[in-house]
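For reference, the structure I am asking about is given below.
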Amino acid sequence: MTTRDRYADGLARLAEVDGEQGQRVIDALQDVAPDLARYIIEFPFGDIYQRSGLDLRQRQIATIAGLTALGHAQPQLKVHIGAGLNVGLTPNEIVETIMQMAVYAGFPAALNAIFTAKEVFSERGLLPVEED
Amino acid sequence: MTTRDRYADGLARLAEVDGEQGQRVIDALQDVAPDLARYIIEFPFGDIYQRSGLDLRQRQIATIAGLTALGHAQPQLKVHIGAGLNVGLTPNEIVETIMQMAVYAGFPAALNAIFTAKEVFSERGLLPVEED
Amino acid sequence: MTTRDRYADGLARLAEVDGEQGQRVIDALQDVAPDLARYIIEFPFGDIYQRSGLDLRQRQIATIAGLTALGHAQPQLKVHIGAGLNVGLTPNEIVETIMQMAVYAGFPAALNAIFTAKEVFSERGLLPVEED
Amino acid sequence: MTTRDRYADGLARLAEVDGEQGQRVIDALQDVAPDLARYIIEFPFGDIYQRSGLDLRQRQIATIAGLTALGHAQPQLKVHIGAGLNVGLTPNEIVETIMQMAVYAGFPAALNAIFTAKEVFSERGLLPVEED
Amino acid sequence: MTTRDRYADGLARLAEVDGEQGQRVIDALQDVAPDLARYIIEFPFGDIYQRSGLDLRQRQIATIAGLTALGHAQPQLKVHIGAGLNVGLTPNEIVETIMQMAVYAGFPAALNAIFTAKEVFSERGLLPVEED
Amino acid sequence: MTTRDRYADGLARLAEVDGEQGQRVIDALQDVAPDLARYIIEFPFGDIYQRSGLDLRQRQIATIAGLTALGHAQPQLKVHIGAGLNVGLTPNEIVETIMQMAVYAGFPAALNAIFTAKEVFSERGLLPVEED
């Protein structure tokens, strides 16, 4: 497999998972760090998100949990909550994933993530969140 | 629902999810912070792990991802990798969850978590990890 | 003790400690994660902040120190700096608590927390901070 | 005030607060980074721990809370739990301080800190911890 | 050497490295925590940034890398990216330093830092970033 | 450029920078997460460490600073302190890099990193550290 394949596959997966928001990040990098944009396409989306072993819904549960726990990654969390919806997670599943992080990373990390989720759900007309 | 119900339900769920290792943590707390043991049983296991909305396999994906991202929680990660196996995750699913955190929390966090997983898999005779 | 008692006791303690700001967080959660609101009332305020062993001023010193060290919890830090004033800490005691974190968590964490404190003090007409 | 005064005052305060354990850290730095040892004496102990505004017991509550929340500072947490006892905190006050961090930094951070406290209490014959 | 010397030397180094932005932080602290301002001048700039062993360009590489990895220190990162330019780092060297942190601290930390760098470069008319 | 080139180039760079210790990590991953080993070779060493813009000594300053600030990455810090020596940093430059992180990430992070450096220097007969 050539490097170009990883790039093409990554770009397609980025569009599928992150949608327009992912492309906006890629565009914003062009005049400052275009190679970072390329690596994002090639490594996370051209390598990791191509893998079998977990489906895309499971991968987004992992990503939302990890970004919530980190605490300092609100812009990426916002993109990936949208991505979670894009690949079929329900708002309630996303809320449950974040709420569980209150146990492991503390209530502030969970609260900040929930309010980021609220923004995304609001933009998509998904409030109030209903139990599945 | 009384407090005693949360405690009883939590204790049962702790046994189901974390097995012996969870009980060992509870026991070790008795002479130093018995109420912290009680809160672990009541809140994470009596409240959060009782919830519908995610099944236990999804909850363990979230927990393993979050603990990997935190980086400083190796003893809890060890317990929850075991818990992931207890509730039906395959070793390969656990490896995929951790590996994805290389993207979000960096390679050191992912590497340390993988070596913790290797310990657990080795203790249970699950090495080498096979793709599903 | 029933669950309802924890909720009622927690709500009273939340009002006493966090005041209006706490209630605003609880309200904002209602359409996205009402159970997270309930857990905040029941566990931190219904369990932990009910405990003897430390008085409320000591608890707020611990909370302000912990949130400063975490670094990613500015909204919660803002609420708890206000809470510190509510339970009787002086602005100077809050500044000393934050400043000490420069040693343990670095100057950026301390600086960001001090500027959050400055906002709270300014809103309450408590600037300039006088030594006790 | 000359630099020498900060050093002398810091050394005295280090001995008072951290006892032998602090001196052991200072000694261990001599062949690798002696100036880091000097800065520890001059800045945290010669400047910060000389300040009025908080007494030493309050300062140790803040430090124990902050180090618990950080998660990666177990050796320093061990020294400062000992220091908390040295300046008059009870084992129970230390446990309460750590337990409160479960709310803000998550249960793993609190658990790891409690087991560090258990080591210190055990070395000093202070187990089981009694409520005050 | 007297304390006054550290202060004077620190103030001169702060002006050289951080420029106006450093002074603005110092000024903003005067009514809330003037001693924190004094410590910033005396310890980081009066002690650490006075040391030989690394030149100022190397020190800014270290600082930018460290602040990027921390994740919660965007205001300080902004000041120190400016400082990197002030002491002679090229925009490209700063981008490379940040991009390398994608490996160790994850892509979100690197992305947030790159967008902070983009702001600084934009304010100084340094976009697009050219390879050296 | 094909994927195989990245792998071959990455393996050569890994050997040059991390030496035997890097290979040991790669080997230890084979029965648990061989693809993580491959990604480490391809992305950090086949992409990032191949870049111009910073020389290898500057890259190790950045890496040592970042890993020190993270706090939870002692095994990787140990490898990269060795790598710093391999590419020509002096022990004193490594100590200065770590010591500077006391300002940004706090004294505990700096202290733990210094003691990791002490281990590496001791294994290579480089103690006591001399000023350059």
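Observations on the model:
Per-chain residue numbering starts at 1, and chain names A, B, C, D, E and F are given in the order in which the chains are listed.
Following the convention adopted for this analysis, a residue touches a chain if its C-beta (ideal position, glycine included) is under 8 Å from a C-beta of that chain, and two chains touch if they have at least 3 such contacts.
This is a predicted model, so every value here is computed, not measured.
Common neighbours of chain D and chain F under the contact rule above are A, B, C, E.
Ranking every chain by how far its Cα centroid lies from the centroid of chain E, the top place goes to B. Two copies of one chain, chain A and chain E, form a contact in which under half of the residue numbers belong to both partners.
Rounded to a whole number, the gap between the C-alpha centres of chain B and chain E is 39 angstrom. Chain E and chain F have centres, each the mean of its CA atoms, that are 23 Å apart. Note: centroid distance chain C to chain E, computed from Cα atoms, is 30 Å. Across the assembly, chain E contributes 35, 39, 43-44, 51, 67, 70-73, 76, 95, 99, 101-109 as residues in contact with two or more other chains.
Those residues of chain C that touch chain A in the complex are listed here as 25, 28-33, 35-36, 39-40, 44, 67, 70-73, 75-76. Residues 101-109 of chain B are the ones touching chain E in the complex. Within the complex formed with chain D, the chain F residues making contact are 70-72, 95, 98-99, 102, 106-112, 114-115, 117-118, 121, 127-129. By the touch rule above, chain B contacts chain A in their complex via residues 43-44, 48, 51-54, 58-59, 61-70, 73, 76, 92-93, 95-97, 99-105, 131-132.
Against chain A, in their complex, chain F makes its touches with residues 1-3, 6, 35, 39, 43, 47, 51.
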